[in-house]
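Structures follow.
Both complexes shown next keep chain A, but they swap its partner, so chain B is in the first and chain C is in the second.
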Partner chain A sequence: MTGGGLTALLAVFCALPFLVALYRLDILIFMLINVILAVSYRFLTLAGEFSLGHVVMMGVGAYGSALATKEAGLSVWLAAPLAAAFTGLLALLLAFPLFRMKGFYFLIGSFAAGEAIRLSWNRFRDPFGGPGGIVFIPSPEIPLPVLGMVDIAADPIAYYFFTLAIVVITIVVFYRLERSRFGLTLHAIHWQDVLAESVGVHIWWYKTFALVLASAFAGLAGGLLGHYLGTVNPTQFNLHIMLFVLVWVIVGGTRTIAGPIIGVVVLTVVDQGLRSLDEWRPLFYGAILILTVMFLPHGLESLPRRAREWWEWARHRRQPPVSDDEEPPESDRPPPQDA
Partner chain B sequence: MGKKGLTRRQFTGTAAAAAGAVAASSFGAPYVAQGAEKVVKLGFLGPLTGEVAGWALPGRNACLIWADQVNAGGGIKIGDDNYMVEIVSYDNEYLADKSLIGAKKLVLEDDVKLVLMLGGTDAPAAVQFFTKQKMLSTTLLPSDLTPDTLYHLAPAEVHPLYNVTGVEWLAENRPELKTAAICAQDDELGWPSVATYLAAFEAAGIDVVYNKYFDIATTDFAPVVTAMLAENPDIVCLDTAYPDFVNLLCEQLFLQDYKGQIISCTLDFYGRIIEKTSTEFLEGLIFQFPDFDDPAMNEPHINFENPNEFFVNYNERFPDAWSAVTWEYPAIAEMWRLAAEKAGSVEPMAVFASLKEGGRGPHVFGDADWWGEELWGIDNALVGNWPVVQIQNGKATIVEYRNIIDWWNKHGELLKKHTAEQG
Partner chain C sequence: MDTVVQTLVNALMQSSFVALMAVGLVLIFGVMRVINFAHGEFYMAGAYVVFWLYAQHELPFFAAVVAAMIIVGIIGLIIEQLLFKPMRENPLGGLIMSIGVLFILQVLAAVIFGVGLMKHIPPLYPGATPLFGMDGVSVPWQRLVAFGIAVVLLIGFWLFLKRTRLGWALRACAQDREAAALQGMSINKLALLAMGLGAGMAGAAGAIMAPLVRVYPYIGGPVIVTAFIVIIVGGIGSLEGAVLAAVLYTFFHTFVATYLDGTIASILGLLLMLLVLTVRPAGLLGKGEKV
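Right, the complex of A and B next:
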């Protein structure tokens, strides 16, 4: 996307809060928080590993920030980054056992580690609150000249812009990292880890850095969630929610950073569109997912290319569209390294 | 794919047709009030999908039947006007964020006058919003109540306090029973319920010879039952176990040839348990949730319009789905109707004032007291009579209504002690 396109997209996001009903503003806030979660998750997948513990990392940040503000009396502005850093530190510790595994084993290992953490929130009522979690979590406040301390979580528009700013920072960080030498090395590890290791790439270090950074941003997303809702509990970070993250990333696509963002935005809109169906909603949601995976196995981000191919095919009645199993076009290959 | 297989186009067509049919049947649901008549909307904010849906969806469906019954009877009479009732539901998936979105939608967009909730971990953010908006909301879990939840009521059940009535009845009617074994799942539903049963057994002079939690992920209940029966108890207490657990525990008790007394908080879908065991095995089991076709539901103190008809209608529309929570949501809606008619207004604060007037309210099992400050710091739980239900000839039968507050006044300290011990 061009710089002009990005500016236009940002302008749309800035205008949105003034165009939608108040309750839909909450949907947008949670959608933005989910964008942070999905983009950070995709960064981890660049190293070739799919984790089932990412949502729990979000929970670590949420619980950490909640406890730091409620029990230790820290300001939200200090507590949330500290909790994100703590989440990264925890991910570093988990990297030692987890990165002894690969593929399916890593998937299961990450699930087990995540459940161990999540169940400890359930089990230990002091300090985690047990199944009921922590309530009455303080909101972030900013000092204003005339108004004094203003609670920005009480004003959804203010919180929306605050979250949007964090989202922009997140995207810029991960975008720049992916296009750096570090990002290219992650791609190399993803596709040819043995070859990468044979030329001196320290795979463990690269994977660990990806896990730590992705987890820290997930923790930050958790802090944003907890301080807006005023409550956290173990149910918010269970496997069911993790599956949603996987769905966002897979349906959106993982080839570019736009994929998970598209996944979160489109599926949030779809979910809201199906709300009137109540208990039938999962059926339709599932059908949409199946159809997407069937027709767009590389995710919604590949839709423009597929549409072009279908259009050409329909116009010329020549050969059917290029299969997704074939070599991807140059635009879908790993991005070039920045100068 | 070969020619005989399902092509992608065929699959798409079939899926779209199926989806369309389901959508049509869903959109064609009969509960939406029609025409230019005055309409009052009541919100239902609960998990209609997911693991906890069993505690909300039957209740939402029951509310639709209740609304149909009210509308068929001319609606709600407010002054000179008749209001038709419409139930607007929002599936919060038992998540706090979805709950907050749903709360704002129901209040700000749908203009509902009451929000019915299951309560629990999804509730705090939504209830804070309701309090700011001065919106009347209700829960089935009184543990949601705090001194800050000013307009959040627990008007149907006071779990697990009512369990004391079953133990008290048992002690009076079967004084030969002297020992009990308790098992419960290790979670927020199990802990307070165990404390309550321990207090009730102690008050009744019954020794608890076994009291252990089982893990929430347990699927094999043979060892749990074997360990309980090894203590040779006169009573086996299933605490407030989830419906599947009750089912499996009863099956194991049957298989291990237990012939003693069983007491449980719930006994959902007991017909299925009888199919797996026998009518004789379940005979005499005590629990707390009645069927609404029970003759005792027609007694004059009952605050529910046509309970027998409601039960028949529900079972016709949703066969084999009557459970502990089925009647609680419509019972709250019915209580709201009575209070709104008395207030001459459907506005939340007017109905709230009407409900709380004189410190008493129209609980489904008879007028009751607003109570709870000692436990939750606010008198927003409606507590009074509760039925003791017994299986007699394979059918749930109310054997007596007992007063919960009477028990509390005599033995409240015991409950406080055991609650503190259970953490």
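Right, the complex of A and C next:
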């Protein structure tokens, strides 16, 4: 994406809260928080492993920040980053068992770890509040010259811009990181892990660092959510929500950082369009997921390129030229371990 | 003493339907290399078929169970033909498809039967019977019926796999797809068979459990988690392992749930799965396979 395009996009996002009704601002804020979640999730998948524990990591940040402010009396500005760092630390611990696994086993292993954590919130009332979760979480306040302490969670527009700033930071961090030597190595691990290992890449460290960083950002997203809503509970982080994250990322596409952002934005808009069909909404999620995997395997992000190819094909009745930046075909991948 | 025996009996009854779920999941994974996330929804669909035919239209219970197997089996065939087959070479593709199916089946159940109230299905044989001449030990008749059906199905399935040519073909395909294809077996036909059988057994599991639980569109969730734990602990791809792990895990879970707490039992179960994946990824009876 060009610099001009990005500026325009940012302008749209800055104008957005003034164009929608006030009650929709909540949805926009959740959308931005979900962007952080999806972008960090995609970074985790760069090395080729899909996790089912990412939403629980978000919960760890939310619970951590809530407890640090409520029980330990820390300021939100200290508690949220600390909780994010704690989430990263927990991910580091989980990496020891989890990265002994690959593919489907990693998926199930990450689910087991995450679900065990989530059920602990449900079970242990003492710090975590049980199924009801934690309520009355303090909001972030900033001291202003004339107004005194201002509660930014009370003003959706202020919180929207605050979240937007963190979204921009998140995107910049992950974008730069992907372009760095580190990100390129992750790509190498994805396509040829044995080869990468044989030229001296310590795969475990690379994957672990990706997991830790992605989890820390998920934890930060959790802090943003918790301090805005003022309440957290275990159902906010269950498998169903995780599957929604998976849908956003896969429908958007994982090839570039734009993919998950497009996925979250488009599906949020679709979701809002289907408000009247309340109970049918997951059906459309499922259908969109299936159609995407069948007809747009690289997600919505690849739609412009695919549309151009279809158009070429329709006009000239010939096979579209394979573009240079196409991924290696399936057959070039290392065979799955279980084959 | 009575409590211990009662818990043992409860665990045994419970393990039969868990085994029925796990065996289907393992069969589908073995032949198609697809982890079917929608397997819990097949269970849910089976339960709803019983609700629809037996509770609403007053068909005989056993006919409803057979119908549940057939209907859910057909759902499985359709899903295989339309969704899993195009994803044959993509290991994650089938899994993502099954997540889509999961959402769709849940919504269909909610729309067709309504979300509001959980459905209670009257048991065919109300009441319970004492066992082993002990006062404190009793088992509901309906559970005994469910146990009997599950055991008959499992034995029938086992005989099918061991004694018939089609069963041999299925096992051959599960062991080595390429070699099976080279011997002239049609992977697509075997995949259809595996999916039909696997889904049918999940449907049967839902059908026999329907009068014992409250039926609602999301009952598949906890069931699929249990089934995953069982197939991992048993060694993925191993049918005997799945049955053994189903029995062991349900005993473990039932005892912890009885003497401590249900949630603790689930947490310990998940940690056990994590431990197995870390220390012995092949599971109890699985083949040595790099994870």
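We take it that the second predicted complex is superposed on the first by the 316 of 339 C-alpha atoms of A that agree within 3 Å, B and C clash if a C-alpha of one lies under 4 Å from a C-alpha of the other, contacts with A are read in each partner's own complex, and residues count from 1 in each chain.
Everything that follows uses one rule, which is that a residue touches a chain if its C-beta (ideal position, glycine included) is under 8 Å from a C-beta of that chain, and two chains touch if they have at least 3 such contacts.
Note that the coordinates shown come from a computational prediction; the quantities given were computed from them, not determined experimentally.
Visitor: In the superposed model built on chain A, check whether chain B and chain C fit or clash.
Guide: In the arrangement built by aligning on chain A, the partners chain C and chain B clash.
Visitor: Quick one: is A:A287 in contact with chain B, with chain C, with both, or with neither? Answer first, second, both or neither.
Guide: In the superposition, A:A287 touches chain B and chain C alike.
Visitor: Give one of first, second, both or neither to describe whether A:S302 is in contact with chain B, with chain C, with both, or with none.
Guide: neither
Visitor: Under the stated touch criterion, which partner chain does A:I108 make contact with: chain B (first), chain C (second), both, or neither?
Guide: In the superposition, A:I108 contacts chain C only.
Visitor: Could you tell me if A:I250 is touching chain B, chain C, both of them or neither one (first, second, both, neither)?
Guide: second
Visitor: Just checking: does A:T45 make contact with chain B only, chain C only, both, or neither of them? Give me first, second, both or neither.
Guide: Neither partner.
Visitor: Is A:G132 touching anything from chain B or chain C once the two structures are fitted on A? First, second, both or neither.
Guide: first
Visitor: For A:F30, is the partner it touches chain B (first), chain C (second), both, or none of the two (neither)?
Guide: The first partner, chain B, only.
Visitor: If you stack the two complexes on chain A, which partner ends up touching A:T231: first (chain B), second (chain C), both, or neither?
Guide: Touch status of A:T231: first partner only.
Visitor: Could you look at A:L239 and tell me whether it touches chain B, chain C, both or neither (first, second, both, neither)?
Guide: Once the two structures are laid over each other on A, A:L239 reaches chain C alone.
Visitor: In the combined picture, which part of chain C sits where chain B already is, 25-33, 115-123, 169-177 or 241-249?
Guide: Superposition on chain A puts chain B right on top of 115-123.
Visitor: Between chain B and chain C, which residues of chain A are contacted by each of them?
Guide: 122, 240, 279-283, 287, 290, 294
Visitor: Note which residues of chain C are touching chain A in the complex, please.
Guide: 33, 35, 83, 86-87, 89-93, 95-97, 99-104, 106-108, 110-111, 115, 177-178, 221, 225, 228-229, 232, 261, 263-264, 266-267, 270-271, 273-275, 277-278, 281, 289-291
Visitor: Using the touch rule from the top, collect the residues of chain A that touch chain C in their complex.
Guide: Counting only chain A, the residues touching chain C are 50, 97, 100-105, 107-109, 111-113, 115-116, 119-120, 122-123, 239-240, 243, 246-247, 250, 279-283, 285-287, 289-290, 293-294, 330, 336-339.
Visitor: Give every residue of chain A touching chain B within the complex, in rising order.
Guide: Those in contact with chain B are residues 21-23, 26-27, 30, 122, 125, 130-133, 135-136, 225, 229-233, 235-236, 240-241, 275-284, 287, 290-291, 294-295.
Visitor: Which of the residues in chain B come into contact with chain A in the complex?
Guide: It is residues 8, 11-12, 15, 19, 22-23, 26-27, 48-51, 53, 57, 60, 89-91, 94-97, 100-101, 104-105, 108-109, 120-122, 124-125, 128, 143, 187-188, 423 of chain B that touch chain A.
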